[in-house]
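Before we start, here is the structure in question, set down as structure tokens.
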């Protein structure tokens, strides 16, 4: 009996002990999952901003990656706790609208970042335009392969806003260069292994591939691995500007990566949330400029996110 | 496949089952290949076949250990999560020490330890394997997430990469690993007294215990082996995709289980073979490869896979009846 | 139904009759033109070796199987039986050996399974009524227990009572009992017989399948003998003798009053148990077994015999005392005991003795794997050879070791379980009810086998509920009563009377 | 999953089962450490969140009692909710949508039942197959997109309250009541115990085992269809990943609740406790702002500890 109670309490004490609270405003941050480096960058961004602003952030992430019901439950739980403000990345931009409405109903100011929610009232939206990034990075590749040849698109998770817009950008860029032939456009769910295997299989069907347009960096890397595995050459681009991508750009394996800067989005999102709390003026919308990272300009991105410092809203909005 | 085929014949003889079953399954694979060969001109190219084999190898390595577990009428739902953790640990060891060997040891060791933990939960704590390993899956995932903190570890020495993406005499390295472990697995199951005892445990644990079989230890062994194989598989993945990430093991468990079951191993324990599992893995891989080659949109893939699995197992039942 | 109107015809017109029943299974002719009749208020004994077709006949009677040929008559009226429901309308109820009870339903729910009473609301069932009715039926059977207790917790004897109650609840006029006493102690057997007598008085017809000749003569009003699916004879107890009956069953004379041929003088002490106590319900057990000895362990079912056996073999935990095998103290694990040459032939071969889905060969070599393959490498050819040797030695009736063991008859399955240990060349054997559900022919063989073992210097501890066996086979016997050794009987004290005297609790 | 190795503690109501211990400890622990926990609002919140899982766990209990398993539930729920949403959006009639969802549930239930009972394919692999089918259909129909534009009237089914109690809680209570009656007061229930405990008993009693099995899985399908209504109302949309993996949560809840995988030894109330325990754990951890990675591990721990306690008690 003793033993059994002990075994239970052991775990629980472990849990309860981690219940610490800071004074000053608390800000609840919602991200999609614990596995994608992009959202890690977002979280680091919010924390860096929080440190400088002297507020406390609490991270909420679904235990099942990208689980809609779970993020919804977490929102409901957080509303019970009534944080001062919320920075929100919806797992699904449509399905989480009820959650946003609940937050609004509870009168908690919420700032929307990364994926623009289809409904609800926000203090502001901070994001980068997936479409224009997709367009820009695709143009970069198409010019690099000399405006002609065969390319493949690796899509992200079916129906996710990010994937849809980026791929739309890719396709529009392709329209501008009629001599480039799109061989196939297959989803690889933003995942490296999927991309690797999809790529392997596609390479069987297509003897000559000149370019690969991947909707994010992991898939781009997967594609590179596949190409190397079959020792074939093709130019590859990704999106996110992740640490790994930058190194690959440096080593010349990856042509370029679109800068979809989670860190900055996290920073700005938090800053806006705090300013709003402190009754300071805030922009209604901040859109990061589409930047293409390649051999020419990768150096600043080599610094790990943990060591970077947040730009101010003005810096972002001005230039 | 040759080796598989004659492993089969031997093994089935040792069992009270029949060779027929295995031949039926091979036939199914052959039919599938024939269909694809007709539909797609690239399917039968050496490149593609090698590519299929390489992908099969991965699935098989996960499923082979699982086969033993299922032979004892157990189940291991933690395979995927185990792979994720093993891969991530191995990756960081390789990164920090720069020694692939050390990393490989870590990966397999971690896998085995996790498997052993499962074994203890199932034997000592008497928790049904389905639930024990389900709980274990969550715990491992938690540890992995915590350890990786959303980061990616990537870029391993080319020597290590060979394990996954390299070729030897024009055949991908994983295929050799697969064949090696097919032989080891089949020999272990059919040609060692431990294997025999495992079959006996699956068929009737009480009778096995009353015949002086150390049931607990054998079970612990089986789960440990399953874990170790997961660890090995994680290394192959690592070497293939050249990076480790928290979600690496997601969606790997159910296909592995499917491969075992399609391979004709019974969930009720006591009947089935490692060779069968290879055929199962081959079958499923070819199916996916085929759908990709035919440019079937990925939305169709779960649907088709589901139907084919049902069909395969149903035919399996039918032929078994005929066999009796 | 003129039969019912004029009472005197009932005795003449059988209550139920089967004529010219034939049934074939792929390969075997299970029943060949068998006719069988049963009259109200009689106990009709159905005897024959395993595989003679007794069970098949009964399965046809209760509608589980369909006959290929043959006809049925109920009170002289031709009827058809296609399924169990049809059979039930004629008041036919069967109590099979392996019970048809649901562990996690209570007694009442089990009794009325399939004919629950509807409650007030449509679709619901009236649990209260079920329980009151059940109580009534249980009283009728003379089984005093709360009908709300889960069957899960009941002992074999109690479960059987429930089975009988179940049959009566469907007011059965024809009750088929398949070896009802197989699992009962004498005490419980007496109670069962008393109840059978009561049922007879109420005009219930009873078809009683048994391997125990004593019962056949004690209970039977008529005896029908089947052999190889054919009806050999149907006669009155007065017209026959045990030996004659056995000859009819086996087709050749067999000596049933089995006795040891000679007695090797007991050798060194093989097993010594000192003050053994365990949580599974036995305490302060002391016993010794010497080489060349067959020692009986008797007592009522539930007196803790099996538990002691399991503890000695190292399956169940012990809290106090020590076990010495060949003078060395052994500790607790079945594996250890087995490696040191101890063997346990458990009481239920199907659930504890055999891996039914596996082959005869696989089962035979299982216990001996270490001995056969010291290096740990399993060689099918050698295994098959070893298996064949055992099959020859024990005359196990199977064409090949590859045959699934499930397809063998009870006697042969039991031999497989024993053979398992011959392979492991065990020196000390514990037999738990070695002859349960085995026909006379096979019984004699099993005994001869035990004999052979002790002559080769092995030692045997034999548990049996049939005192007659203990008396005939054993050199000495311990009698257990409610978890303790009530006493030891030397060879000349060894009589049924003494066993009973020690066995029943004062 | 009827196997020697999968057998474990039989939980009788007389003894305090692991799930009760765990639940009690959790409530006390969270109640003490987090102020927001023991409020009416939060408890209502927990129960509301637990409803959908409960709607799956109840039939799962019944199915597991028959030594079966239904891995397709989560996917069926998802597909049903998509069909519901599409129907509502196109026809504008919530009632039609609801019926459509039930129809989907029914069909998959029937399909599972047929495959298992008639073609006797093991439940695990059967439902693994139908899982793929339902998932595939969801993707095909929606092309990965959420289905939106559902009238508010539907959402109110989830967000509405009656006499201060949230609708889902009431629905959950009803569902529990119905299942309880089904299991303990109807022939169906009695035969469910028999299906897991001793099928021969049913055959002898002249009851069709096949028909029973099919009914059981149809019940599962229908409940999934019903849960789809709540899920859709909750999200006010339907999404092809909404219910993925819920079947495993349900199975875990059932096991935590002390239902055995063997011999029809089930305990419906335990399942209720199991579901609530999971809900309480997740809610409490969120209130304490425990990092997600730790939360993930805790859920695993909960499952294992609960069963470990049951195991301890049955140690001979």
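A, B, C and D are the chain letters, set down in written order, and residue numbers restart from 1 in every chain.
Quick note on the criterion: a contact is a pair of C-beta atoms (placed from the backbone, for glycine too) under 8 Å apart; a residue touches a chain by one contact, two chains touch by 3 or more.
The structure presented is a predicted model; accordingly, all values stated were derived computationally and were not measured.
Chemist: Which chain has its C-alpha centre farthest away from the C-alpha centre of subunit D?
Modeler: C
Chemist: Give the chain pair that accounts for the most C-beta pairs in contact.
Modeler: B-D
Chemist: Centroid of subunit C to centroid of subunit D, CA atoms only: how many Å?
Modeler: 43
Chemist: So what's the Cα centroid distance for subunit A and subunit C, whole Å?
Modeler: It comes to 70 Å between the two C-alpha centres.
Chemist: Roughly how far is subunit A from subunit D, going centre to centre by Cα mean, in whole Å?
Modeler: About 33 Å separates the centre of subunit A from that of subunit D.
Chemist: At least two partner chains per residue is the criterion; list those residues in subunit C.
Modeler: none
Chemist: At least two other chains touched by the same residue of subunit D: list those residues.
Modeler: Residues 139, 143-144, 291-296, 298-299, 301, 308 of subunit D touch two or more partner chains.
Chemist: Please set out, as single numbers or ranges, the residues of subunit B touching at least two other chains.
Modeler: Only 141-142, 145, 149, 204, 206, 299 qualify.
Chemist: Applying that definition of touch, give me each pair of chains that meets it.
Modeler: Listed in label order, the chain pairs in contact are A-B, A-D, B-C, B-D, C-D.
Chemist: Hey, which residues of subunit B end up touching subunit A in the complex?
Modeler: 40, 42, 45, 47-48, 51, 54-55, 141-142, 145, 148-152, 154-155, 165, 237, 240-243, 245-248, 250, 288-289, 292-293, 295, 298-299
Chemist: Can you tell me which positions in subunit D touch subunit B when the two form their complex?
Modeler: These residues of subunit D touch subunit B: 1-9, 115, 119-122, 124-126, 128-133, 135-137, 139-140, 143-144, 248, 251-252, 255, 261, 291-304, 307-308, 311, 314-315.
Chemist: Residues of subunit D touching subunit A in their complex?
Modeler: Listed in rising order, the residues of subunit D that touch subunit A are 21-22, 25-26, 29-30, 33-34, 36, 39, 41-42, 45, 48-49, 52, 139, 142-146, 148, 155, 159, 231, 234-237, 239-246, 282-283, 285-296, 298-299, 301, 305, 308-309, 312.
Chemist: Applying the document's contact rule, which stretches of subunit B touch subunit D when the two form their complex?
Modeler: These residues of subunit B touch subunit D: 72-75, 77, 121-122, 125-132, 134-143, 145-146, 149, 201, 204-206, 219, 254, 257-258, 261, 266-269, 299-307, 309-310, 313-314, 317.
Chemist: Under the touch definition given earlier, write down the residues of subunit B that touch subunit C in their complex.
Modeler: Counting only subunit B, the residues touching subunit C are 10, 13-16, 190-197, 199-200, 203-204, 206-214, 270-271.
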